[in-house]
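First chain A sits with chain B, and in the next complex the same chain sits with chain C.
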Partner chain A sequence: MVEFSWVSRSPLEHALVTGTDGARGIEAGISLTEIRNFDLIQVMARRGQAAELGQAAKARFGVAVPDAPKAVRTSDATLIWSGPDQFFVLSKGGKHTMQTLEPALSGSLSDQSHARVLVSISGAKARTMLAKLSSIDLHPDAFPVGAAAATSMDHTSVTLWRGGDRTDGQAVFNVLMFATFAESLWHTMLDSGAEYGVDINHTERLA
Partner chain B sequence: MRIACSFCGERELGEFTYLGDAKPVRPEAGASEDEVFDYVYLRDNVAGATSEYWYHGGGCRAWLKVTRNTLTHEISSIEPAAGAGAAKVGA
Partner chain C sequence: MAGAQTHRLGNGGLVDRSAPLNFRFDGKAFSGFQGDTLASALIANGVKLVGRSFKYHRPRGILTAGSEEPNALVELRTGARREPNTKATTAELYDGLEAASQNRWPSLRHDVMSVNQLFAPIFVAGFYYKTFMWPAKFWEAIYEPAIRRAAGLGRAAGIADPDHYDKAWAHCDVLIAGSGPAGLAAALAAGRAGARVILCEEDFVLGGRLLSDGGMIDGEPAAEWISRTLAELAGMPDVRVMTRTTLFGVYDGGTYGAIERVNDHLPSPPEHQVRQRLWRIVAKRCVVAAGAIERPIVFAGNDTPGVMMASAMRTYVARYAATPAKRIALFTNNEDGWRTVETALGAGLQIAAVIDARPEISPAHRSLASKGGFPVLHGSVSGVDGGKDGVRKIAVSLTGGARAEVEADGLAVSGGWNPAVGLTSYHRGRPKWRSDISAFVPDGAPPGMVAAGAANGDFGLGACLSQGFAAGAAAAHDAGRTGNAGSAPVADDEVFSLTPLWHVAGKGKAFVDYQHDVTASDIELAQREGFESVEHLKRYTTLGMATDQGKTSNVAGLAIMAAVSGRSIPETGTTIYRPPYVPVAIGAFAGHHRDGTFHATRLTPSHHWAVEQGAVFVDTGLWKRAQWYPRAGEKDWLESVTREVKAVRSGVGFCDVSTLGKIDVHGPDAGAFLDRVYINTFSNLAVGKARYGLMLREDGIVYDDGTTSRLAEDHYFLTTTTAKAGLVMQHLEFCRQVLFPELDVQLTSVSDQWAQFSIAGPSARELLKQIVDESEDLSNEGFPFMGAREVTLRGGLKARLFRISFSGEMAFEISVPARFGDAMARNLMLAGAPFGVTPYGTEALGVMRVEKGHIAGPELSGTTTAADLGLGKMMSTKKDYIGRVMAGREALVAPDRQVVVGIKPTDETRRLRSGAHIIPKGQTPGPGNDQGYVTSVCFSPTLNQWIGLALVERGRERIGEIVHAHDPLRGEDYDVELCNPVFYDPDGGRQRG
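Moving on, here comes the complex of A and B:
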C-alpha cells in the first residue's frame, strides 16, 4: 500500500523563490511576501438572518463585522468583507477555526484555510505595479487603511485589502487568491513588478 | 462601460457577466404552451431603456438588476436582484 504524507504545503512552494527578481542594481521597488499557514473561515448569513449573524459576530469578536467593503482588525483576527452579508475571518494559531466559530456564529461557515493563498504587496512602487493588474483606485484618499474590495486581477477573482502600514510608512496591500490560480497570478505579479525590482519572501507571520 | 455595483461601487465591465432580460416572468404552472414558449424564447429587441440582469462574478458575486439604455449605454438605475445573493434583499 502506498503511504501518503498529509503535510500541508503552500501552492506557491515551487513558484516562489526567495530573493530578488527583475531589475538589478537598484533598490527593489516591490516587496512580495507570501503569508503561510493561516486560518481562514468564510462566514455567510443565511437569507434574512444578517442581523442575527452580525450580533453573534460582534459578541464573538468585540467589533462590528464589516457590512461594506472593509477589513476590520480585532485583537487576534482580521474580518474582511467578501460580499453582501458575508465575510472572511483571517487568523493564525487555531484561535478561530470551524470548531471554535461554528458554535458561536449562526451563519453558514466554510473552511478556506487551504483553498486560498495570501500575498502581501508593499514597497515604493506597489501602487504602480498594482495599477497594471487592478482597476481599483488605490490612491490613499480612495483606498485608505482598512479599505477592501472583492475584485478581479488578471481575470482572477481576488479579495484585496489594505492592511496596516509598514514601520517605514509604506502601504501594504493584501491579496487573497484561489489556491489553484495562485501560481499563475504569482507569475503575473512578478512580471508586473520586474521593472521595479522585486524582493521575494515568505513568512509564517500574519501582520 | 462601468457598472456601479450596489455593494462594491463603480467597477469595470470585465467583472460582470450579462444574464439577459429581467422582464419575463415565469408563467404559473398549467399555463398554455404559447405562454411558456413566449417566456422561454421570445424577447423584445428594445431600442431604449431595458431592464436586465448582470452578475458581479469578478467581484462580490451578487446579482444586479440594471436599467440600461441600449442606444446610449446610459444606466439609469441599479438594484440588487431579488433573492439573488443578498440576504438583506427580500426573497
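Moving on, here comes the complex of A and C:
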C-alpha cells in the first residue's frame, strides 16, 4: 500500500519568491506578505434572520458583526463585511472552522479557506502602488483602520481592508483574492510595485 | 561637435547654460540646454525649416510654443521607440535626442513631392472624393496605397514598444487643470481651505503664461510669486502638483482622464519605471484654468517658416532665450500682440514694423514705436515673400488701399485668443460667443466643473488671479472644506482691445488648418458646394481633423464660413468637442495589459504539476487548461489524445475539472429555488445523490447544464459549465434577489474552494480504493451511479466524492480543498501507477464526450431548445420554471427544427470538420436547402474513424439517411450518414457497472 502525504500548497507557491523584486539599491517602498493556511468561513444570514445571526455572532466573538464595509478584529478572529447580512470569519489555528462555527451560528456557512489567497501590503509606497490596482480612495481620512471594500483589482474581485498599523506606524492593507486568479494578480502587483522596490515574504501568522 | 547656438541670447531665460545637451535633427548635430524643448533648441540653432506639410509638401516652420502646434511634428527617437507626429514644441530636450522631419523625400530641403504645389488648383477640398470614384476596384489596389504614400505624416515604429506604461487612480476634492496664474491661485485657495487638491500641468515647468510674460503680483515679480506659491503648496500634504500631465477628458461621475509623461523627457525610462501613466482622477470639483490659445490670422503665405504666433515668439525669446528672428515684424489686431514687441526690444532684437489692423493705436505704443525707431502701419499683411529659408519680405495692404513692403526675417501674428473650451465642452456642451473678445467661451460645464481666468475668456492677469482664487475657494467649500482661504493675490489687468480680423484677401495660398493643409479657398469652395453646416464643413475639408484637432484653426474656419455664407459666427456654431484634448498613446490605455498579461489568467490547482508533466495548455476563457500530455516519440496531438482516450477506455485516467463553476445553494427553500431555475425537479433529490440539470433562459432557449448534488436537507452543491460559471452565478443571484425574494435561499461561489478531478475508466474504482480510507464502501451497492457524499481519504483528509460520468466510463469526481489539489494529482499518479493511470486533457475529454453523444458548448449555442438537444423529456410538466412558457412558442416546438444527431462519413477514412453545412444528398448547396451544420467532431479511437455531432432539420427522424456535407470555407464536399449521437455504449452499462 502506497503512503500518501497531503501537502498543502499555496496558489502562490510557484510565483512567490522570497526576497526583493524590482528596483534595488533603495529601501523597498513596498512590502508584500502572503499569509498562508488560514481559515475563512463565509456566513450568510437566513432570510429575515440577520438579527438572530448578529446576536449569535456577538455571543461567539464578543463584538458586533460589521453591518457596513468594515473589518472588526477580535482577540482571535477578524470579521469582514462581505455584503448585506453576510460576513467573513478569518482566523488561524482551527478555532473558527466549519466544524466549530456551524453549531454556533444559525446561518448558511460556506468554507472559503482554500478559495482565497491573502496578501498583506504595507510600506512607504503602499498607497501609491495600490492606486494602480484599485479605484478605492485609500487616503487615511477616507479609508481608516478597519475600513473594508468589496471591489476589484485588475478586473478581479477582491476584498480589501485596512488592518492595524505596523509598529512603525505604517498602514497595512489586506487583499483577499480568488485563489485561481492569485498568481496573475500577484504578477500585476509586482509590476505595479517594481519601481519602488518590493520586499516579498510569506508567513503563517495573521497580522 | 555640435554647432554653436547662433540664435541664443547671452543671458536670461529658464534654460540652464551649465547643462548643455547634444542632439540630432535629420542627422545633423546640434546642441541646446537643459530646459529647452526640441523646438526652442532648433530655434536657438537658427533652424527655421522643420517639416513638410501634409498635402502640398510645403516647407513649414515652428508656429507655436505649446501642444496646439500644427507644423513642427517630428519622428522622435529611433528603432522600436520611434514615435511619429511628436510635437517639437512640447518634446523636452535630452542629451542624445534624435529627431527626424516627416513627410519629405529625399530630404527636408529637397522634397520631390513638393511638386504637389504646382497641382494645387486640383488638390482642393473633396479632391479624393471626386477623383478616385471610378473604377471602384482601383480604390483598394491602386488609389489608396498611392495616396497613403504621398500624404500622411510620420512613420510608426512597426515593432513592439519596449517600454512599459501603467494606469493609476487618484482622488481629490478639487482638481485643477493648468498652473498659470488662475490655476496656481485656485490651488492656493483650495489648499488653504483644507481641500485635497490635484493640480495638473502639461508643461514641465509651472507658471503657464507667467513664464513668458512675467508681470507683477502682490507687488513682486511673477517669478518670485511663483516660487513663493509653490513653496506654500509644497507645505500642504494634501496638495499634489503634477507636471508633464495633461488633463485630457472628463467622464461620468466626476471622473477625469489625465496622461502623465513620466519619463518622456529621458532617452528611455530608468529600469522598472514606466514611460507614461494614465490617470483616472475622481474629483468632487474641477477648476479649468487651462488658459487660452492664440489664433492666427489667415493671409497668403501665412505658413512660411518664420511666421509665428506672437505669444510663441516672445515665449522663445523670454523663456528660452532663443531668437526666432533678428528683425521682427508684428501683425496684430489686438493690444496683447504688442507685448512681443516689448519683449523683443528688451532682448535687443530689431522691430521691422508693426502692422496693426485696428483703427486706433494707444499713445503708449506710438511712443514705443518712435523710441524703437520702427513704423506702425495701419492695415493688414496680404502676402509673404519667402520660402524654405523663411520670411524675407512682407506685403502690407494699408488702410485706405495703399500698399507697403516690410523687410523682416520673422513675422509675429496675433489674431486674438481663444479660451481652451475643450474640457468644459466634452459633455456635448456648446460654448457661447463673447463679442468683446470675439471668441467662444464656456457656457456651463459638466457637473462640478468651472472655468476660470483665460479659459473663461478673462485674459487680464488680475482677473485670472481673482477668478482662479474665487473658483478654488468655492470648489473647496462645495467639497465640504471650510478652512480660511485668506485673500486672493492681486495684480493689474492689462488692456485687451481687439478688432476682429480673420482673413485677409490676397494672392496665394492662405492657410486655415496648417496640419491638414486646408486653405481659406477650400472653405469658400465647401460653402459653394453646399457644405455649409459646420459638421459638413469639417468632414468635407478635414478642417480640425488632424492630430491637433484644430486648436489653432477651427474658429478662423468658422469665421470664414460665416462670412461667405452671410451668417454671424455664433449662428454658424461650433462642431462637437470630444476628448482627448491631446493625443494619448494606446500603450497608456493598455497599461500592463499586453502580451502575456493582456488579461488576467486563472490557473487550476494542479497547474504547476501539469507543467511538470509537460502538458500542452489551451486558453479556455481566462483559464489555462491542460489540453493533452504529449509523451516522447508521439508525432502529433492526435497520437497523444488517442493514447489518452484508449487509456481511459481500457484502464483509468484522470483530468482536472476544477474549472467548472461550483455554487453552494443553502437554505430551507434551496430545493424549491432549484426547481424554478432548472427544467427538471431537484426538491425530490435524495440527500447523497447527484442529478443532471438543464436550465433555460427566460426566452426558452437552453442556458447551461451541469450536475447538482444534495449534500444535506438544506444544502445543494451546483456545478455549471466552465464557460458560463460567472454568468450562471449572476443569473441565480438575479433570480434569488429579484424574481424570488420570498424564498429563503443563499448562494455562494465555491469555484475556487475545491480542486475537482474526474477519475474515469474500468479501473477507476480500484484506483480510488487506494486513495480513500479503508472504511469507505465504494461498491456499486454502497456508492451507486449518481451517488454524492463526503469521504475520508487515507491520511484523514476529507473529500467529496461524486459518481458521475462525462466519458461514459465508470467514473468518479473527487473534490478536495484547493490547496490539496496539487497533492491529489501527485497521489493519483502514485496510487494509479499499478493500473497504468494516465492524466488526460481537454481534448481527450472532448473526444469521449462526442463518442458518448454528450452536448457541450458547440451545441449549447444560444439557439437550441432542450428538445433540440434530445433532452425534451426532462422538461417537467408538473411545475413552473424559468423559460417554460416561452419554450412553448410555435417556432421553438416546430417539427422541422434542427436537432442534435450523430454523423459518420460514408468514407470511413475521411476526416470531418466542424462548420460544414448539411444539404440533402444530390442537391446543389445553397441557402434554400441548408438543413443544418456540423457542431462537434473528433477522431474516435474507439470506432477508429472520425465521428461528429450535427444540428440537422428533423435529424432524429432521419437516422440512417445519407446526406451531403458542404464546406465552402475549406472547399470540401462529402457524404455523411445521420446516426444515433450516442456512438459508445448506448445502454450506459459501463458507467453504471
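A few points about this structure:
Methods note: the second predicted complex is superposed on the first by the 202 of 207 C-alpha atoms of A that agree within 3 Å, B and C clash if a C-alpha of one lies under 4 Å from a C-alpha of the other, contacts with A are read in each partner's own complex, and residues count from 1 in each chain.
Keep this in mind: a residue touches a chain if its C-beta (ideal position, glycine included) is under 8 Å from a C-beta of that chain, and two chains touch if they have at least 3 such contacts.
In this text, all values refer to a predicted model and were calculated from it rather than measured experimentally.
Within the superposed three-chain model, A:R47 lies in touch with chain B and with chain C [touch as defined at top].
When the two structures are aligned on the shared chain, A:R116 is found in touch with chain C, with no touch to chain B. Within the superposed three-chain model, A:F181 lies in touch with chain C and out of touch with chain B [touch as defined at top].
When both complexes are overlaid on chain A, the residue A:H139 reaches chain C alone and has no touch with chain B.
By the touch criterion stated above, A:T151 is placed in contact with chain B alone, chain C being left untouched. Of the two partner chains placed around the shared chain by superposition, chain C is the only one that A:H14 touches, whereas chain B remains out of contact.
The larger set of touched chain A residues comes from C, when the choice is between chain B and chain C. Shared contact residues of chain A with chain B and chain C: 44, 46-48, 135, 155. Chain A meets chain C in the complex at residues 1-11, 13-14, 22-23, 37, 42, 44, 46-48, 86, 107-116, 131-132, 134-137, 139, 142, 154-156, 178-181, 183-185, 187-188, 191-192, 194-195. Only residues 7-9, 11-12, 14-15, 57-62, 80, 83, 85-88, 91 of chain B touch chain A when the two sit together in their complex.
Taken together, the chain A residues at the contact with chain B in this complex read 44-50, 68-69, 82-85, 135, 149-152, 155, 157. By the touch rule above, chain C contacts chain A in their complex via residues 164, 166-171, 196, 238, 271-274, 280, 282, 592, 597, 599-605, 608, 622-623, 658, 664, 666-669, 743-746, 748-755, 770-771, 793-795, 797, 817-823, 827, 830-831.
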